[in-house]
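Common to both upcoming complexes is chain A, partnered first by chain B, then by chain C.
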Partner chain A sequence: MNRVRTGIRSNVSTFLRTPLDVVLALLLPVVVIEGWGQAMAGLPTMPTVEAIPIDLGRLLGAIFGIAIIAGLMGLTQMISARTADRRLVQTGYPPRTLLATRLATLGGVTVVVAAVNYGVLWLTISPEAPVLTFVFLVLAGLVYAFLGALVGALLPRLFEGSLVVVFLAMMDAFLSGDSPLAADIPEFVEYFPLYHPKELLQEAMFQGTYTTGNLGFVAGYLLVLLVLVTVVFGMTMRTSGGWSA
Partner chain B sequence: MEASTTTTGEATSNKVLVRANEIEKTYGSSFPFTRSVTVLTDADLEIRTGEIVGIVGANGSGKSTLMNILVGVLEQDSGTVERTGTVGWCPQEPLLYDRLTVGETFRLFGSGYGMTAEEIDEAKHRLASKLDFEQYLDYRIDQLSGGNRQKINLSIALMHNPDVLMLDEPYTGFDWETYLTFWDLAEELAADGTAVTMISHLIEEQSRLDRIYEVRDGQVYDVTDQEAETDATASERGEATDE
Partner chain C sequence: MNRTTTAFSIGIKEQVRNYVLVALLVVLPVSFITLAFAVTQNVEMPVRTLVDGETVTVMRGMPEVHGVIMTPITSALIAGLAGLFLMREAKDTDGRLAVAGYRARQVIAARFGVLAAITLIVTGVSVGVMRVDFQPEYLWWFVAAMLVVSLTYGLIGMLVGAVFNRLAGMWLMLILPMLDIGLFQDPLFIQSEPDWWMKLFPGYWPVRVMVDTGLTTDVDTALSLVWATGYLLLVAVLAIGIYYRVTQAS
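Right, the complex of A and B next:
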């Protein structure tokens, strides 16, 4: 029986049978995008604080929304079934195949969440480059999906892991997003996971273009995260059981 | 000292399928002010085809640790484990995916064993009929009672007809009928050459076991003869009283 197909089907069934995850994935983007947009636009003007346009606020909301949902999905994919995963690997299911099915499922969920985010942005802003906007939303989601998976593999506790992902995404979106409240942002913010996806998304939405350097940075980020999560997951699933079949 | 694991060739009848030599295991932590616990020191054990082997011992003596090392899901600190054939492992707690149905669970684990769709289907119906859970094949694991969940836990270990069965208290939650069916099944499998190894707490089961290993003070003792003598003595006392 095809292990990849069976694994992906099992993961998708598990996701769809977790109603809270589905509701969060479909509703949270709407709340976050509009909430973030209104909050940014509603800032009072003060000597050191200037409100940003509502559309930029919505964009930041979209990137935060997809990051947090994809990150939490990545985290739960790694933690919720960890002990059963070890048993599955003991039966002969290769850890890398198992990880590939998990990441493929995460990729699919990320595309769906990105589509919901995109729908909200399309209704409220009308991006200059619709396809690029969607693709960059997916990339931002994938970065956090892989990051969440890495946190889940390293810190297999749902509460503590969720705190890490949520605080990381909030800080990342806040500092990467040219917030008027975050003055004198240090240069290392450029290495934050959302900095370059946000730059790509902003260019695509408002100018209809993109910068290859930003795209390369995001691709590199994804590659490094993929390697790290593969190594860590492989270590956690390691067995010493050599049984001849 | 180094830990090592050896895989030997195909299983044949009347031979040792699992041999553990000088196994040592200590649970430690890299955090300061934490206690390390030595569980196994110099533990030896053999499991042969067609035997029903019991592993007994007090709570916390290291029975599950020993079984996990034999299965290969836990690495020993030192010593060697030689394994032959295929294994079916039934852990103490049902390690299953809560949101999958029973049928989906068979498909996923069957794919892990490398079985075809037809083989998985056959095993599912055979075991469902034997252990009486046919009516629950479309139920999700988290919708099953503890006893039925344990039946699935056991069935996953059995579905590929392994050469060695490693069962950690496999009957927890079973009703009496299922308990008896389980023993019939274990005896059938042993008669067919499967090595059945189980962690057991129940004294009355010991007469069903071909070999009994006791885990005590980190070591493994073959107490089969002692248990037989105890049984004989108890039997003699009973006869004398009756007379």
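Right, the complex of A and C next:
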């Protein structure tokens, strides 16, 4: 238990030691939410195109913002400390404990970023179900944080990894976001990472309810990602972490 | 082979040897732009642009308008991230080249050459994919504006890489082009005169050119391309200055 606590403390202090990251993690959600809301509200209504209410634009901005901030953080967490992680494994740190500290740190920072997103939404929209809205924002962030971590474990280079996360998030936000620009959305979009979190968030925000099926899907998604990250991380630590012959 | 060419070809080989990166530089624009065309509603939308020197609203198909925006977003994003990581690498290694006797201008020319090569490839792939679904009215004007906006973002990526660390840099280089090209310059969303601060973004002048030369039958934005090039030169001067300082310090 001590090792987990030490690991988390060290990861958090590494993040806090770069104040620019902290400032941007707190500032960017505001910019993204308002940027999305204000710009999308300009879309004119046409016979088959519905205008996007400013509040829906803000919600879409919030979900994209938290996904991208958490996703890139997950990616960086896994890649930047890879060498150090290997050494820790060699000195007897179990890979699972190490991974747990990384994911717990990611979870903690995601909750803080979600809180900032929630704060902006609360000030501008007043959600119908405040607690649910916050929880679903956290879930959306966690899905992308774990996804970023998985990409980082599979593709341990920041440039390539960031391209994958960024383009995935953009396609996901466009297709899962019920964009009025889009038609003929393929059915497989339901399996995209943001589809169900966005449904949950929209319901909680505007109707004050949620659908259990959506929540179950997100929970399942997180579980699958967790298993995949654990397996891939364990493999990379086992193959590269042993003593050389 | 002189020193600049040697450093440039090593830089290119380093990128080409990375098969995953090469594949991503092709696969991502192809999938993203194709998808954008495939799922966009085929409906006429009002677009504000210049016709015969006057700003008017014309009706154009939404897939075409969307394509005009998604294509530069793709290349600007990739070029921006490439610039960011080239600068971060340079911070770690290029100081050593100076110690080994390279002149600053040789290192700068080689690094900027690598960025220009990546930008050219990404712009070429993006425009090529776009042309499957949409033919701009004036292809070469369109391509020129694409190159200018992509290079500008590549250099902005370098500037960001000099000031911010990798995580913060990635956040910025994703969110900046998305907000700029994807929202503030998108003629679907901005239906009236853009606010003054929107005109300060790097995408303002080049996207004006792309909307005009992509969707109308006259070229009314030659001056906008001059402004866009001026913006690019300004960013280039800043990037060279910062690069010089960074490599001197390392």
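The definition used in the following text is that the second predicted complex is superposed on the first by the 229 of 245 C-alpha atoms of A that agree within 3 Å, B and C clash if a C-alpha of one lies under 4 Å from a C-alpha of the other, contacts with A are read in each partner's own complex, and residues count from 1 in each chain.
Following the convention adopted for this analysis, a residue touches a chain if its C-beta (ideal position, glycine included) is under 8 Å from a C-beta of that chain, and two chains touch if they have at least 3 such contacts.
Everything numeric here is computed off the predicted structure, so don't read it as measured data.
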| item | value |
| --- | --- |
| First (chain B), second (chain C), both or neither touched by A:Thr212 | neither |
| First, second, both or neither for A:Met171, with chain B first and chain C second | second |
| Partner chain in contact with A:Thr6 - chain B first, chain C second, else both or neither | first |
| Contacts of A:Tyr93 with chain B and chain C, given as first, second, both or neither | first |
| Dominant contact partner of chain A by residue count, chain C or chain B | C |
| Which superposed partner A:Ser162 touches (first chain B, second chain C, both, neither) | second |
| Which of chain B and chain C A:Thr14 touches, first, second, both or neither | first |
| Touching both chain B and chain C, residues of chain A | 18 |
| Residue numbers on chain B that touch chain A, as the complex places them | 3, 5-11, 69, 71-76, 81, 83-87, 89, 91, 93, 95-97, 99-100, 104, 107-117, 120, 140, 156, 160 |
| Complex interface listing, chain A residues touching chain C | 18, 20-21, 24-25, 28, 31-32, 35-36, 39-40, 42-44, 46-49, 65, 68-69, 72-73, 76, 80, 155, 157-160, 162-164, 166-167, 170-171, 174-175, 180-186 |
| Of chain C, residues touching chain A in the complex | 18, 20-21, 24, 28, 31-32, 35-36, 38-46, 62, 66, 77-78, 81-82, 85, 164-168, 170-172, 174-175, 178-179, 183-184, 186, 188-192 |
| Touching residues on chain A, where the partner in the complex is chain B | 1-3, 6-7, 9-10, 13-14, 17-18, 81, 83-84, 86-93, 238-245 |
